[in-house]
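Once you scroll down, you'll see the structures, which are given as structure tokens.
Okay, so chain A shows up in both of these, paired with chain B first and chain C after.
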Partner chain A sequence: CARAPMYDFQEELVIRPLHSGDIYASFQFRTVWDADFMGDQKVSHYRLFPKSLGQVITKFSVRELHISFTQGYWRTMQWGQPYLPSPPGAELWVWFQDTVTDVDGTWKELTNVLSGIFCASLNFIDSTNTVQPSASFKPLGIGNVTDHSFLRYATLPREIVCTENLTPWKKLLPCGSKAGLSVLLKSEKLFHSTFHSQAVHVRPVCQDPQCRTTSMELRQTLNVVFDLHTSGQGKREWSLFKMFSRTLTEACPLASSSKVYVDVTDNPQVRPFELSPATPLLTQAVVLGDRRTYSVYDLTQQASFGSSRSLNMLLRWKAADGEMLRPLLHSERYVAGYGLQAGEIHTLIYNHHPYRAFPVLLLSAVPWYLRLYIHTLTVSSKGKDNRPSYIHYQPSKDRERPHLLEMLLQLPPNSVTEVTVEFERALLKWTEYTPDPNHGFYVGSSVISALVPSVVAMDTNSTLDRPLFSSFFPCKEEASYFMRVYTEPLLVNLPTPDFSMPYNVICLTCTVVAVGYGSLYNLLTRTFQVDEPSPGLAKRIANVIRRFRGVPLL
Partner chain B sequence: DLNDKAGQFFNSGHTNNWAVLVCTSRFWFNYRHVANTLSVYRSVKRLGIPDSRIVLMLADDMACNHRNPKPATVFSHKNMELNVYGDDVEVDYRGYEVTVENFLRVLTGRLPASTPRSKRLLSDDRSNILIYLTGHGGNGFLKFQDSEEISNVELADAFEQMWQKRRYNELLFIIDTCQGASMYERFYSPNLMALASSQVGEDSLSHQPDLAIGVHLMDRYTFYLLEFLEDIHPSSTTNMNQLFKVCPKSQCVSTPGHRTDLFLRDPGRVLITDFFGSVRKVEITMETINLSSPMEPLPER
Partner chain C sequence: MGLLSDPNRRRALIGMLTRLNAPICMICYMAGVAWFMGLAFEPFTLRTYMSENAMGSTMVEERFPAGERALATGREFAAHKKKTGGMPVDWLVRTMQARGLEVYTQRFSRKLPFPDEDKERYMVKGTNVYGILRAPRAPRTEALVLSAPCSPGNENNQAVGILLGLAQYFRSQIYWAKDIIFLVNEHDLIGMQAWLEGYHHTNTTGMDWSPLQGRGGSIQAALSLELSSDVVTSLDLVLEGLNGQLPNLDLANLFYAFCQKIGVLCTTQGKLPRNDWDTTSGYSHAVQTMMLMVLKQASSRPWGDHGLFLRYHIEAASIKGVNSFRPYKTDATTVGRLLEGMYRKLNNLLERLHQSYFFYLMPSLTRFVSIGYYMPAFGLLALILLLRALDLWVQLSSPPTRTTEDGVEVVPASPGVLSILTPLVISHLTGVALYTLPVLSQELAVEHFPVSETEAVVLTAIAIYTAGLALPHNTHRLLAGEGTEQGWKVLKLVAVLYLAVLLGCTALINFSLGFILALTLVPLAAFITPHVPKTLSAVVMVILSPGLTLLFAVFFFQELQETPVTLQEGWMLYLSVISQGILDHALYGSLLYPLAALLVYPCWLLFWNILFWK
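Up next is the complex of A and B:
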């Protein structure tokens, strides 16, 4: 008699005040399901795991799926590092299982199905914007896969995120938007923010340290940064009601754990803000290479809600903040040059660690209509040439494949590394232009993946009970943690024809032909006859009388 | 009298309702076309048609546009009275996907095999379909996304294909563009009823601007259509003749037109909810059924 598959659902919200006065809220909803998708048993009974995703995973033999929709750009220098990075627009990367025979065909069908589930135009993902990274996107779940032919990565930098993407995302949650932390997700407040990112991550995880049983983990994450001036009305005082226009009244009944964490790390000795209602629960967690202290509100305990039966955290600032810790890894990217023929892409990677050097993997996928001249690729740090130890380059094919450039760079301590490559703009066929071509064409963000040296020892035991925000990226060594940084997307203008020209040409040609040919024809075939001028009035009356009399006319 | 009631019960031969709502204009100053489409979407959802039966096509995003001072909202009345975008909206085709080819493929059902269900019009011969188009148009054409156009001949042929493939029972076509009546001139398939916001040679005008948002919020015809539909509830018995009277020349400045010669039933007997709502036919019985009477035992398995 088979054991019924076990489910576990946890929800959590982390609130982290930022040094610039803004506030960062990160939701994570995690469903772990004991079913074995990779085995032979057909999965047909769904309880907490959403059926639409489960069917997609089974039908397309997906091992890992990561999809994110982001509006806005994460400002690392002002806000620090995010718990879960994501590039502007839509990003989708999938590891297929090794039983799949036609990965490209399955990828195309998968993107179409996902576009229907998330109400996004993911069907625009095709071979012209899909790449197979060879090193940057290792599986985040279990599995020691080395064959990168089963990995596909694509971004749509132009994709818009709005309520129609949030609605189906909320419907995947076990409690929907009715109970628990998801009641806070109201679109009018969420989209009136500087940064909004929602994502779905599906991956297989181990249930015990020896990894004898595996289960499927679904994490739905939502990161939002509320601006001090637009949402905060300029006053540095934040509360749940001010951020979301709702307060919490209960935990999701299906959740085994429902917690709210507020980052209250003392900086340096005195906490700059006051948190109410006070809570005795304090926990420490090592996240992003730093040990931080959090006040915890446990929503499964009735006492958290107090006498008013609703929980509204209030953060009031008394003193100014201290200095922000500079993020160790940061990057920028821009297009240089002038005119519509050629240009240069500059990527700057900053290493702010005072004495440690560390390697980073840079992945750039550039569309085929920017023809990169790889022989002009230069990498320099502190003015000197910095040769990458590993380069994987796949040249583009017109209208079929984009450029893929992956490099392993060693960043010297306290330095800026500049990667430059020249390109030439292609002239597209007139049917390939978008309806608004003068807006420009987007180039997706570059991805920088690195193992950054950590200030405190990281915890490598993945099965311990830890807050969700600290357990997203797997940690294999104690001295460093994994980080991914996305650069800005680029907006380049391609030489755009004047689309009214076909109409102008037709009008002009027809006029020239009509006037030219018509005149020539007339000249050649027209004959002239002498015509008597019409007589005056007196003569005409005289002619009439003469006609009566039968006498010849004048 | 019972015969009359039975006749009314089996009046329309449809069993399910579909709606295809299309906004064809791009750019921020065409906010009103998106608001038009969303207000019809809102009415149709309110009267019972679920999202799985609505194909909503919006050519541009106004709600989360960076020029929108109130993100995630689209208003139809000035002073921000009514947010037609709401919190529960599913857009099936958006942005660059709204093309003439995709629109005709949705209507005729000739979509690639991997198209998801939410993007298909899975109607059968017992479906009543509401098709609403809005945007910029002219004499005999409707402009899609400022770069291509659909002609009235193509539209008529698409409807004929739908009729030949038995993809609709009855079809109501509403168009709110300049010279909208030219779009239904060429229809030749049976069971089509059409309404337009203006005659050939006339322009459809927009309603009112909102000074905070900075654009015109709605077109006049759809504004008064929305007001008319707000009074309709799932059990109302208003018929099509009242719909033809929506927005007379005094309110609309243009002359709305309609065409019913291809429609087999009398428009006075067609309910608004036959097209705008999804009304389940419920039969009320007056006799009681005794549930406590002894049941016959089932045969042993």
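Up next is the complex of A and C:
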């Protein structure tokens, strides 16, 4: 007899005041279901896990699914690293199970179904913007899959994210937007922000420490950055109500854990915090290679809500200077050159680590209508040639598949690595232009995946709160951490015909063909002969009269 | 075509064309000039209208309140500029950061080929400061630029003040969909050139610049603001850019629409639009405005900081504040509101400006002449060249036979290739000398003559130009043969077709330049033969030569600007215009100097050769 599948639901909100004075709020909702989708037994009874998604995963034999919708670009220089990076627009990557025979067909169907579920234009994903990365996207769940023929990756940089994408995303939550943290997700505030990103990640995870069986994990994340400059008149002060125009009153009853974390990493020289209501719970965690301190509010405890029965945190801190951060890894991409014939894509990758070199994987998928000249690919750091240790290049096919370029680069310490490649702009067929062709055509973000040396490990003389026995070897905690950085998408102008012209062109062409070609053809093919001049009218009349009279004709 | 395939009628047609060649050419020339003058007549022109839907119907509100504060910032900027004796980089960086922008700087340096005496600079070193206002929820793919120059002396402080004031105001708005780049450039066009080259990572002119750290994607439009007084009476729109390029007409329409809405006097070429087109003075006003535009466009130089954007397919214009003696004044708040309105509309654009015309002339800010209307004027002039070529062709294909004393008909031998090729090659070599030697030989000239480098360059150019006039005699010495009748005809045929192609191509790219050159070169090309009176024709030819055309244009331009100059001043101006032309080529890649030296002047020399054929 099968034991009833176990469910677990957790919700969490992390709030981080950013260096630039903005506020970063990151929601995570995690549903774990001890059901084996990969087995052959049919799963039909859904409780907390959304059925619409579960059915899709079963039907298309999906092992892992990652989908994100992002409006805006994460400003690494001002905000530091995000907890979950995502490129502007929509991004979808899926690992299929190795039982799938027709991966491309399944992928096509899956994108169409997801398009319906998330109310997004994912149906525009086709072979011209799908790639199979060979190294950049490894499965995040358990399972040792190496055959990347079961992986598909696509981005839609032009996708605009708005309320209609948020509503279906909220419907996947067990409590909907009725209770718990999700009451804060009101679109009128969420879209009055500088950055908005929502994502769904499905992956298999271990059920127990021995990892004998697997569970399915669904993580729904939503990241939003609020700009205090436009709304707060420059005051560094915010509250839950100010951000979301709601306060918290209860946890989601279905959740086993419901917590709000506020990043209060103490740096007394720069930013004294004032957080109210204060909470006795503090926790430390190493996030993205940095040890941070968080105040924790446990919503399952009645005490968190206090006497007013609602939780509305208020935080004040001193103004930070407007100088930009120097994140260890960040990147920049742009199109160089002018004119509508050729151009050059420059990708700059910065390593700001003072003494440590580290490797990064660079993936760029470029649409076919930018014809990359791969022989012009140059990689240089500090003015010297930097030979990539691994290159995977798949040339494009017109109207079929994009260019895929993956490289493993070693970034020298404290350097800028510049990757350039020249391209030529293709002339499209006139029906292939988008409805607003003079806007330009998008090239999706490049993806930089890296193992970045940890800041904690970098901090060699911090022996303050650590026992001596633990601090001899510098790399005590995670020596390096995995990070993904997305570059800006590019907007490239292609040679565009004047679409009001077809009528004129048709008229002109017809005229040229009729008059010009016709008579030229006539001139060239006609044979010229000396002709007896035909007699004039008077002469002919005279001849008629002469014939009557019987005299010889003229 | 039936006409041509019938030998009789073809003969008749050609006969008529050759017989009436001279009168037809005269008529064409007069018709061409008349057509051109007619372009300024209001009933023949079109009223400007907004073609771009995204900007036409949408309404925006202008609420910029802080003109006074902006002027105060401008005064602060002026004080810091005075203190540092140049660009107050640190102050600008701090001020922009305080306004919530991402601020970056760019250093650049440039050694001019020879000292620029007008602007007193030779080794130029400077820094551009720019701040990017990041649009919320936008992926850094599109940007707009607002720039103001950091000029020496007391100029343009108010422009920088308004720029910073707008930056502060724009930062607190939520509706931006495109990043906005606020740029303060040093050393006007050189700084702008450095910034644009840095932004697009190109290097066309050999300038040294440090790479840019921040970008905002592809720039959709740009405005450059020049303002030197706290209040203005009118705003002048400058459109002419490098190599005669113009921004899309919709940008001019946008400016005009907002001037109307806000109630600011607006001008182009410093001339207000007038309504009395049916009076002589009204018509001559329109002609003056159009001629100013034609002359500016023909000069191929950027007439404002916006001029360099056009190379990168960025629609750009300069807005200059004019403070004259009119009683009605506009304050800085209104100017700020005007710019705010324009940027909000540009922000609404989905596609870059492309709906309206790129080739046009403006007889006033409300009227325009599109390429379809002005091209026939040039076409009529170019037709003369084709008619002359046809005439020569017919003459050459049916050579007049001569009967010698013996009664034997002698067909004159067709001229050797050498006799045609030699003048061609020699005049082009002169052109190459004119192009390269002035800058190369400046040191030599300075050593031997008591002149400055700039004078040396200009005077060398004039000397080579004049020396070219002695060529025909030398050519003949080289040829060691008598020029035949057939010879000059073939040479003239080549020269006339050469001129036709040259002018045709020029007019397609830069109508004004093509038309002005055609106006002087076409009559000369039409009438020159070795048989016309030598001295008189030589004088006429020199008067119609490209060099003197430039001199006349300088005087004419001053006259149109209502700042007439004496002969002496005019000559000094002429010299400085030549040096500026050479500098424009070296610094920004203006093509007028190479075009004149390498193509137009040699072409003119060919005709000079024909005159002295015998």
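Heads up, the rule we're going with is that the second predicted complex is superposed on the first by the 466 of 554 C-alpha atoms of A that agree within 3 Å, B and C clash if a C-alpha of one lies under 4 Å from a C-alpha of the other, contacts with A are read in each partner's own complex, and residues count from 1 in each chain.
Quick note on the criterion: a contact is a pair of C-beta atoms (placed from the backbone, for glycine too) under 8 Å apart; a residue touches a chain by one contact, two chains touch by 3 or more.
These figures come from a predicted structure and were not determined experimentally.
Enquirer: Quick check for you: in the superposed arrangement, does A:192 touch first (chain B), second (chain C), both or neither?
Expert: Both chain B and chain C are touched by A:192.
Enquirer: A:115 contacts which: chain B (first), chain C (second), both, neither?
Expert: The answer is first: A:115 touches chain B but not chain C.
Enquirer: Should A:346 be classified as contacting the first partner (chain B), the second (chain C), both, or neither?
Expert: A:346: touches chain C, not chain B.
Enquirer: Between chain B (first) and chain C (second), which does A:334 come into contact with in this model arrangement: first, second, both, or neither?
Expert: Only chain C is touched by A:334; chain B is not.
Enquirer: Could you tell me if A:436 is touching chain B, chain C, both of them or neither one (first, second, both, neither)?
Expert: A:436: touches chain B and chain C.
Enquirer: Please indicate which partner A:164 is in contact with in the superposed arrangement: first for chain B, second for chain C, both, or neither.
Expert: first
Enquirer: For A:85, select first, second, both or neither according to whether it touches chain B, chain C, the two together, or no partner.
Expert: neither
Enquirer: Quick one: is A:71 in contact with chain B, with chain C, with both, or with neither? Answer first, second, both or neither.
Expert: In the superposition, A:71 touches chain B and chain C alike.
Enquirer: For A:50 in the superposed arrangement: first (chain B), second (chain C), both or neither?
Expert: A:50 contacts neither chain B nor chain C.
Enquirer: Taking the two structures together, which residues of chain A meet both chain B and chain C?
Expert: 71, 191-192, 436
Enquirer: Where on chain B does chain A make contact in their complex?
Expert: 26-27, 61, 63-64, 70-73, 85-97, 112, 114-119, 145-147
Enquirer: Looking at the complex, which residues from chain A come into contact with chain C?
Expert: Per the stated touch rule, the residues are 71-73, 75, 77-78, 88-89, 157, 191-196, 227, 229-230, 233, 321-324, 332, 334-340, 344, 346, 436-440, 442, 488-493, 496, 498, 515, 518-520, 522-523, 526, 528.
Enquirer: In their complex, what parts of chain A are in touch with chain B?
Expert: Per the stated touch rule, the residues are 71, 108-109, 112-113, 115-117, 119-121, 123-124, 158, 160-164, 167-168, 186-188, 190-192, 434-436, 499.
Enquirer: Which residues of chain C touch chain A in the complex?
Expert: Against chain A, chain C makes touches at 1-2, 4-5, 7, 97-98, 100, 102-103, 134, 136-142, 171-174, 200-202, 213-215, 217-218, 311-313, 350-352, 354.
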